[in-house]
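I am attaching a structure below and will ask some questions about it afterwards.
Going in written order, the chains are labelled A, B, C and D, and every chain counts its residues from 1.
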Amino acid sequence: MIVVNDVSKWFGDVVAVSDVSFRVGPGVTALLGPNGAGKSTMLRLLCGLTTPSQGTVRVLGADPHGDPALYRRVGLVPQQEAVFGSLSGRQFVRLAAHLQGLAQPDAAAVASLHVVELDPDDGRPMSTYSKGMRQRAKVAQALVHDPEVLMLDEPLEGLDPRQRLHLIELFRRLGSDGRCVVVSSHVLDEVERFGSRVLVMAQGRLAAEGDFHEIRALMDDRPNRLRVRTDHPRELAAALLGADSVVAVRLQDDALFVDTDDVGSFRRAVAPAAVRAGARLLELVPLDDDLESVFRYLVGRG
Amino acid sequence: MSVVRGTVVMKRWGATTALSGATFTIERGVTGLLGANGAGKTTLLGLVLGLTKPDGGSLEVLGLDPTTAGPRVRERIGYAPEHDALPPDVKAHDLVRHLAEVHGLPRREATARASDALWHVGLGEERFRPVGTMSTGQRQRVKLAAALAHDPALLLLDEPTNGLDPVQRESMLDLIRRIGSEFGIDVVLSSHLLEEIERVCDDVVILSGGRVVAAGALDTLRRGEAGLVVEIDGDVEAMATRLRAAGLTLTVDGARLVIDGAEDVAADAVRDAAVALGIGLRRVQRRMATLEDVFLAAAS
Amino acid sequence: MGALYRLFLRTQATRGRLIGLLLLGALAVVLGYAVGASPSADPVDDGTILMVSYGLALFVPVATLVFASAVLGEPNEDGTLVYLWLKPIARWRIVAAALAATLTVTLPVVVIPMVAAAAATGAGAPLVRGTLAATVLATIAYTGVFTWLGLRVKRALVWGLAYILVWEGFVARAGANPSRLAIRANARSLLVRMSGGPTRLISVSKPTAIAIPIAAAVLGVVLTIRRLIRQDVA
Amino acid sequence: MSDARIIDQGYRPYEGPRRGRAGAVRSLAWHSVLRALGLRRTPWAKILPIASVVIAYLPAAVFVGVAVLVPKRVRDQANVLPTYHGYYGFITAAIVLFVALVGPEVLCSDRRNGMLGLYLASPLDRGSYLFAKVLAVLPVLGLVTLGPPLVLLVGLTVANAGPEGFGGFLLVFVRIGAAGVVISAAYTALSLAASSLTDRRAVASAGIILTLLLTSVATHTLVERAGANEHIMLLDLFFVPFELVQRIYGDPGIRPSIATGQLAAAELAWTVGAAAVLWWRYRKLTITR
């Protein structure tokens, strides 16, 4: 649904995006990267809010910058907080519905406001809204015309835990029923709940693409680290070193930290080793196969 | 002696009731302040700072009553607000020194402590650059340094990781943990990111509808019934039937097995069953409720 | 495009702008009354000079600048333009709605005090008719130009004021040919021809005085549409 | 025993004395003075304040120079030296520019860049915050209202062209003081009140200049051209303070028909009214939303 070929973008002599290519299909894809990695620029390129200096961007087969008709099928939750302060939430969403050419703009607006749990009859202007309410109004205006492609730039900012859960569930559902949802967010444990497909950018380049578990598996230069608690730490440590998948074991405040370069065989080896050592396996916890670790290895310093 | 003590605190803004009888204490160390939007968190912070007066009940902060000894209380509090707006053309070091002076430090001491505070939050020579030229991450650190420079007894942080990317977020959370432990400054962290609160806070206060619905040490709050959560690399059903045969009661939740009863008995059974079936073990962990479960249960 | 028109009306007619410009308008009427009530002043000549100096040279361009530079300039700068731009509507429709709303707000705020001031001078119908025609024409021309300026540059108010005071101030007085380039000179010539005021103020023929402002307006609109199509949006 | 040691670079608590709210007011006032004068800020922010100061002091310096170089005999015939109250004509432009710059600089930017929230979370509260800001604006305005006449007075006295005897000197000195207070009070209140109405410095500055210009042009035209009652001039913020200054120096001023008492009343009304607007706006500002 989205095709990006060798796209570069520079502002003056600053390179925001350099030579990036990827495709995005239906479902939820997370666009990740440190601040200044070019994420926002990439999202704006996908929406046609700016043009690539080089390369091509196609959304649903059309050029997002030159073809306003495409916007009938695209929804965006922008990063900036500014909204039309003098309008109420309902007027703001109804305006969007109207400009999208919907038959019943007000009915669509009311429906969209219910989805984000905003009261359509609350006539107060948005200048009096809290950050969380303004954010939900922005989401409502992006959903009101039932778009096929949805771009979300930090959509959960300012929302409380319950609201975050509600919207995560909503975006996941939108992704699962065939829409293409691109989410940019810094809160990785929430991104994991959207799905596992990620695009990681760093210094304007694409650092990795795909299911982050598989990306982690590709990192064979980074042994998997697990924490093990047991009633006989030294014995279990010795037994584990016997297993050839184990590269290192460290004993620290009554827990074992085990590094393995073949996590699959280690999983099968740990129970037998425990039996041999007569040790009880109280806790076995992988420490670095979550998205946060994958991100840090790809982008962080060490 | 608790840092902050509130008894049946009431506060109304015109027609809406922001706090309807909140009773709580904030103990030493790092305390998480949680609540839905509009549950009264911001109002509570304002009351602790003595910016507004409660309509009922009483509040004691650092042993003083903020309604009468506002300035003396605020002198000992460092407050880092949620927005990261700062004067763009002022150098970070000048800004932090100025705020230290405004909190009562003499000029010479304020200059030295400003420099220390900026170094502690991890800003090197860029602390002499105008704040406007700094990244979101650096600006959040400047705000934290400004709240630390005058050696507060209590640090109020409102969503300190807002706008930070994962790597910056990680180092900010480490810094907050160090402030609560090494620096010996008590911290109240108001945030919506429960996973961060779990990583940094010793205890939490959960507000809902203007009242405290749950409070206490995180570990006690999260302690669910005894049991083990196990994820395996193979046939879940086979494992389940074998464990039931060994006399354990358990439920299967997708790829997870949730085993009730004593952890040590369950652990041994799981180990032996894995060896017997030649199945790999992905994860074995004590069953604990997440802060999210606690929050959703309390705030509903 | 009613929705867009109504939106722009709402974002334009802000309290601060209306109060400020109504004060400027009130001053015009006060000055007009002063000319009328003063025994020594010649209503037609002094009235015309007042309408041309304070009116066309200051009040009309500044009032139009305040509204026109903000209609698209403000959404472009504060980041709300994306909610209009990322919609399946032709760009010229956005500009059309913006111009219509700007004129709906600016014309009354400018024309009513100017005509009232002209009447207060006691110079009679010719000055009133001349003021009405020149003011409407100038407002339309300035609206076109300043709407484009608001989109094109940051801090359009400062650039707009510079244009009014420096460019038009200099060019408008630099003799017949160059003065054609200043909207003010054309509007002034039209007003003076209709009011019968001092002929030294006339620098262009009547058809030119009408054609140039309209051309300026059209050029402004075209540039605005082109700009809206090609520019980056926050 | 080696004398090597590692000094703990850890966090050092502060045990020393704290200066409380009074100290906070002093440091905020001093900080605001520096910002208003553009010190420790980008050169661009320094140009206007320094230009204003130059405009205000240059004439004084020139006159002192004339007094020193030109012999007394020639001076008296040409009557080139200004009267002390005449000198205020020279510094009007500088005063207006300062009034339009200082208020917005010390008030608007704090609200726009979030500093007000930080100040109110310090020992300061709204009252002491505004008090500190007034404390900052008065001396800055004094720089262009008190300074230039004092330079003139001292310069001329040194060039023995000053007032006769110590009594005369003291009289002029007191009058300069009184005049400075009269001008600074009204314009400080106006400047701060206007700056409390909007967060944007440029809009506040334009508002102040517009108000001064509008009231003076309107009242001036009505009185001159339309023969309206002279007391309308009491609405003119340009006229009232400077006319009062003339009266302080015993000069009947340009509108003798308006009694000095009425002038003083108008000055007081403007100052108190503006202060009321300022306090009303800051009292109802919501900071921690």
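Criterion: contacts are C-beta pairs under 8 Å (C-beta built on N, C-alpha and C of every residue); 3 or more make two chains touch, one makes a residue touch a chain.
Here the structure is a predicted model, which is why all the values come from computation and not from measurement.
Across the assembly, the mean Cα position most removed from that of chain D is the one of A. For the pair chain A and chain C, the distance between C-alpha centroids works out to 49 Å.
If each chain is reduced to the centroid of its CA atoms, chain C and chain D end up 36 Å from each other.
Chain geometry summary: the mean Cα position of chain B and that of chain C are 56 Å apart.
In chain B, no residue reaches two or more other chains under the touch definition. Shared contact sites, meaning residues of chain D that touch two or more other chains, fall at 289. Under the contact definition stated at the top, the residues of chain A that touch 2 or more other chains are 130. If the chains shown are joined wherever they touch, the resulting network closes on itself as one ring, and no chain has more or fewer than two partners.
The complete set of chain-chain contacts reads A-B, A-C, B-D, C-D. Every residue of chain A that touches chain B in the complex is listed here, in rising order: 32-37, 130, 132-133, 157-165, 186-189, 264, 267-268, 270-272, 274-275, 280-286, 292, 295-296, 299-301. Taken together, the chain A residues at the contact with chain C in this complex read 44, 47-51, 68-72, 74, 76, 78, 80, 82-84, 86-87, 92, 94-96, 98-101, 105, 141. The residues of chain D lying in touch with chain C in their complex are 198, 202-203, 207, 210, 214, 217-218, 221-222, 224-227. The part of chain C that touches chain D in the complex is made up of residues 16, 20, 23-24, 27, 30-31, 33-35, 37-38, 41, 157-158. By the touch rule above, chain B contacts chain A in their complex via residues 34-39, 135-137, 162-170, 192-195, 233, 263-264, 267-268, 270-272, 274-275, 278-286, 292, 295-296, 299.
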